[in-house]
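Letters A, B, C and D mark the chains in the order given here, with residues in each chain numbered from 1 onward.
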Amino acid sequence: MAEPRDTVVLAYSGGLDTSCILVWLKEQGYTVIAFLANIGQTEDFDAAQKKALALGAKKVYIQDVCREFVEDFIWPAVHANALYEDRYMLGSALARPCIARHLVLIAQEEGARYIAHGATGKGNDQVRFELGCYALCPSIKVIAPWRMPEFYQRFPGRRELMEYAQKHGIPVPVTPKAPWSMDENLMHISYEAGILENPKNRAPLDLYTKTCNPTTSPDVPDELEIEFEKGVPVKVTNTRNGVTHRSALELFVYLNDIASKHGVGRVDIVENRFVGMKSRGIYETPAGTILYHAHLDIEAFTMDREVRKIKQGLSLKFSELVYNGFWYSPECEFLKHCIARSQQAVAGTVHVSVFKGQVYILGRESPHSLYNEELVSL
Amino acid sequence: MAEPRDTVVLAYSGGLDTSCILVWLKEQGYTVIAFLANIGQTEDFDAAQKKALALGAKKVYIQDVCREFVEDFIWPAVHANALYEDRYMLGSALARPCIARHLVLIAQEEGARYIAHGATGKGNDQVRFELGCYALCPSIKVIAPWRMPEFYQRFPGRRELMEYAQKHGIPVPVTPKAPWSMDENLMHISYEAGILENPKNRAPLDLYTKTCNPTTSPDVPDELEIEFEKGVPVKVTNTRNGVTHRSALELFVYLNDIASKHGVGRVDIVENRFVGMKSRGIYETPAGTILYHAHLDIEAFTMDREVRKIKQGLSLKFSELVYNGFWYSPECEFLKHCIARSQQAVAGTVHVSVFKGQVYILGRESPHSLYNEELVSL
Amino acid sequence: MAEPRDTVVLAYSGGLDTSCILVWLKEQGYTVIAFLANIGQTEDFDAAQKKALALGAKKVYIQDVCREFVEDFIWPAVHANALYEDRYMLGSALARPCIARHLVLIAQEEGARYIAHGATGKGNDQVRFELGCYALCPSIKVIAPWRMPEFYQRFPGRRELMEYAQKHGIPVPVTPKAPWSMDENLMHISYEAGILENPKNRAPLDLYTKTCNPTTSPDVPDELEIEFEKGVPVKVTNTRNGVTHRSALELFVYLNDIASKHGVGRVDIVENRFVGMKSRGIYETPAGTILYHAHLDIEAFTMDREVRKIKQGLSLKFSELVYNGFWYSPECEFLKHCIARSQQAVAGTVHVSVFKGQVYILGRESPHSLYNEELVSL
Amino acid sequence: MAEPRDTVVLAYSGGLDTSCILVWLKEQGYTVIAFLANIGQTEDFDAAQKKALALGAKKVYIQDVCREFVEDFIWPAVHANALYEDRYMLGSALARPCIARHLVLIAQEEGARYIAHGATGKGNDQVRFELGCYALCPSIKVIAPWRMPEFYQRFPGRRELMEYAQKHGIPVPVTPKAPWSMDENLMHISYEAGILENPKNRAPLDLYTKTCNPTTSPDVPDELEIEFEKGVPVKVTNTRNGVTHRSALELFVYLNDIASKHGVGRVDIVENRFVGMKSRGIYETPAGTILYHAHLDIEAFTMDREVRKIKQGLSLKFSELVYNGFWYSPECEFLKHCIARSQQAVAGTVHVSVFKGQVYILGRESPHSLYNEELVSL
């Protein structure tokens, strides 16, 4: 039981679980402040705000963090060509430290000693939230109800949660829950658990929500020119219609649109979670997939071979650290700095075609290219 | 000028260059034995044999090395998920040591002290041939006409080669030469040089010869079950029609067919050559691309996370060594051994869909999986 | 409270702590079997046996594991030139999995479901014992009293342990405890904690027990010829007096004698423990230090440069894993295999001088040397 | 034959070889400018200057580069704990790029198109000089007489050099040449070749010139406090007599004195040269050895564990690059930057004892220590 006036900042999603957690925390005596990051997910933020207030939150913070998510978290991953275990583009792993930063800021503003989240005890996100929060504010205390016996024994299944919701006036979803869990943000959506847990089961066709099915996607490619400076995109032009975007957020959203339209960015993998178990995940990372290919190309074109090899080793380590939640660790800061240093002359324009689930590199040019056409010629 | 009876084994391709080299070597006083490996390239081997004999080769060896190419060279690359600089699947680099092995064997059988090849002085293949031959037989001497002033000054351009050919009765190609150079084998075909040297120029649509254009490839995917044992495929079944292949060579050829039909395996990259310069290359690697994705998946499913990380580092080094021609070096032998060791329990079946230039993993199962469905379940 | 007939195998040292734990475990209802490994430490094993029986142990196992400690644990470290953080030779870390193996064997023989140890909750040894036991027998349960509130709250200090000892007839040491803690085995002795915890405090001169003080050690060196096969020593000859030893254990003991006599193997370091904190440790590793230098030399003499570089990377990882208690992990098994493979041709004789705390390499010869005197000559 | 007015800057040592080269270059028609770096070697610089002028050098530059050698070359090696193949402290390898920088500066000042050196065709120094010069000034042309048939065929042995010297009035050394070759600078002296080429032959006792024999060195240690800031020493105090030095050069010279007096820094190794062969070298690196141990200690005390691991990998690569002459390469610049970044908080004081060939760490303290005495205490 908390002291009467102890305040907790809850990472609130608007869904059933964190709504129940909100009410449960109040039952334990906490004053609850809900924080819901708008990090690009599909959500009715107004409704979520009203709901949290109705459930007894003292305050609800809803903040649009999309721009900083792109600039401060996705861009370093683009620098690194970050892939976890050769395939996963780290969409969730990059979002967590961005959210954790705001949880801590709000806790500091509000004088809250506690932060709570709804991540489970077998997943990666608990680790990412907690390492992030503790790194930014070592004195904070994290409450993880799904790891507390008094919580998980009370709610052994979804049925008990539903009953609790009904009893406490928590709105219950009217549509049946999808037989898997999802996590969405501007960069990606993940699907796991439920019927996907059997790694042999193929994903149902209606699972995907962030990209079109390549079998029904357009029969004509889109072609883009993506311009990079210091290793990040600064301009995207669609050569079919001249549409151009320049700011980080706007061009990222546009790349999401184009990739989504052409079914780009789907993967179905088994990965090794931080806590040790293997887990099957299905991901859609539309813009991230285009940028991965384009950055790889402009980097190869402009970076010294031996620097690239060293940087590749650093990136492998970076990806592993990000996956495991160590974004704010000294080693990750060190790697970010070193990798950014390697990108100083990574500049130029990559021409890509996006079509039927694929990204094709068509050509590239650069003011800093180390490519010497005369030398290579016979 | 060679001693009258000095014998040279020439890596003969049947084309204009090595035909001219054959005649030129005879002019220098060598007895020439031509060796043409059937390593899966499109070639009229009978015609090539007759041509070489007609040009004065003392003997012509034509050997089908496809099976050993798959089993001894491509399979270790599959083990390693080998990619050079994150993208190039090493099709040429794997073929060279296979050919070098036979060049040396024939030289030893025939008592030849020399081996000659037609690779240029700016490329990787000269290095791969020569490191391979010297490693297998340190006493051999390699003749590389394109690095010898008496040869390259005599043939500064294609025109001089053509004139020489006409003068010496060397059949001259009737179709105009493509404005780029190609190298084909069972695993891949590469295109480089000529109009491709400008890295901004996109590849002409009619360039590709080993895969269909994804824009016109079938609108219905093929689905395959690929079964692995000890990290290599041992059975491929097309679930649409039940077609099954089991031997290494046959299943590899079948995967080439399926991938080719669906336009899988095209990449356009700039890479760093061993000799230091950056080079633009376009590659088609159909079966290799399917196997890369399938092996990555079954490996992730069955291999301990930490072993995987160590193996990943070894594979990066392996890929670099293979690219640079060090196949027969002590360090590459060491890496092959270690990587093979990591594959002992990599077994199971991967379900893949092949469609419009993409390989989609649909699911996987394994007798040795480290995946624990009960553990992962909430 | 344990079930009446639950049996626990206790890693017993003969000292105050594990004697109290023995009695305490009995209080909790366990049947206690004491295991005391003779792994080369200075100990009155007969007395320890009697003491454990007197305290109520149902059985006492005392096993001499010195030979297997050298052959199965120290030799792989010699292969690897294993150093943790460039300086620590891993003496304790290598002993723990050797002891864990026997704890598990005895538990299996005796049908015991529990293993207990006296390692603290801040150190590395708890991790090494437990990871070892769980890897070898996942069903075993480890009891670590120093991490259990009912134990550590009862014994907040040495005074409470002493009172408990007196009350339960546990013999209390008559000499005052050294103001630091020690752990000894055939390979090394460590000193830490107490007055050593201030990393600025220099070690008292009377601290060292396993090597002579270099300021008073002999003024005449000993010179040894150390012969290696497959990367491990197979013969040691003292060229001053012709004394020769051939078996693993005997030659290791002899090297300990010589190194000890000349004050070889002392280091004072700050290291990073597995659990995260930095810790100051002082170590004496006499024979290990000679072998480190000798093996490094014969390896450099006989191993291909590029293989050496790869192996060096593997060894760094191996050392870290051993330090952290992962001896029986799949990744450590993999590394041991790969490193052993690299040692196949590491053979020859190294001539060393041992004097005043230093090991000097004087020369080396090998049947497999890659050294070519003619080539190197001008 | 050079154009009449072509100017060459010769890396002049004052010895027989480069004196003969000076005269020989003039014979070839070059105008010769001699450059002799005072990089801490024992040399009569005035005599050398007069000699070079007497032999016909148009100008002689003698420059004291000791301070920049310490600050710009040795300090980055201290940062890295740089060791080549675990043992060689890179004394020669660090000096070469320092000298190359001045060769190029003088060539640019004097409008010389050529640089010449006296390094042989089997060693590392030719590579280091040439990679350094070409990196700093790609248009320069390096003349390496010992790789030119017209030179080495004329001087197949020392006898021919002596004859040439006598004929051209080149002073011939009056003392017989040592039966090995030496290279000295402020950081180290190396001995190789001659009777040392047989790796079994032990070094003669009278070989060493930069350190005392530990068997006859003082029976009383010196104790030093070495203070570091940002990973480099900024103050050295001898606690026996209070002597203190603060500037980079002065403290380095003082550490050389102390280490020399106590016989610290001798190693006898077989190493792998860049050009591929194994080579036996004996080195004395007095101050470098003290600083290696002291820096390792303060770094371990103040650096995050995981940053240290990453930095350790970078340092391995750095050491290899420096050994191989790639000081001015993009990858080495990148590594220097990253490693320097890791040193920002490496500060504090290490207490060491220097005695009989050994450096003992006695304790350490730091304002930035990550060591937490309360945490580590039981």
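Throughout what follows, a contact is a pair of C-beta atoms (placed from the backbone, for glycine too) under 8 Å apart; a residue touches a chain by one contact, two chains touch by 3 or more.
Each chain and its UniProt protein: A, B, C, D = Argininosuccinate synthase.
Please read all numbers here as calculations on a predicted model, not as lab measurements.
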Moving only to chains each one touches, count the minimum steps from chain B until you reach chain D. 2
Go ahead and note the Å separation of the Cα centroids belonging to chain A and chain D. 50
For chain A versus chain B, what separation do you get between their C-alpha means, in angstrom? 39
In whole angstrom, how far does the Cα centroid of chain A sit from the Cα centroid of chain C? 45
Would you pick out the residues of chain A that each touch at least 2 other chains? 309, 313
Building nodes from the protein chains and edges from chain pairs that touch, which of line, ring, star, complete or other describes the result? ring
What part of chain B is in contact with chain A in the complex they form? 81, 85-87, 120, 122, 193, 197-203, 214-215, 219, 221, 266-272, 276-280, 296-297, 300-301, 305, 308-309, 312-313, 316, 320, 351, 355-358, 360-365, 369-373, 375-378
Would you tell me which residues of chain C are touching chain B in their complex? 304, 306-307, 309-311, 313-314, 317, 329-331, 334-335, 337-338, 341-342
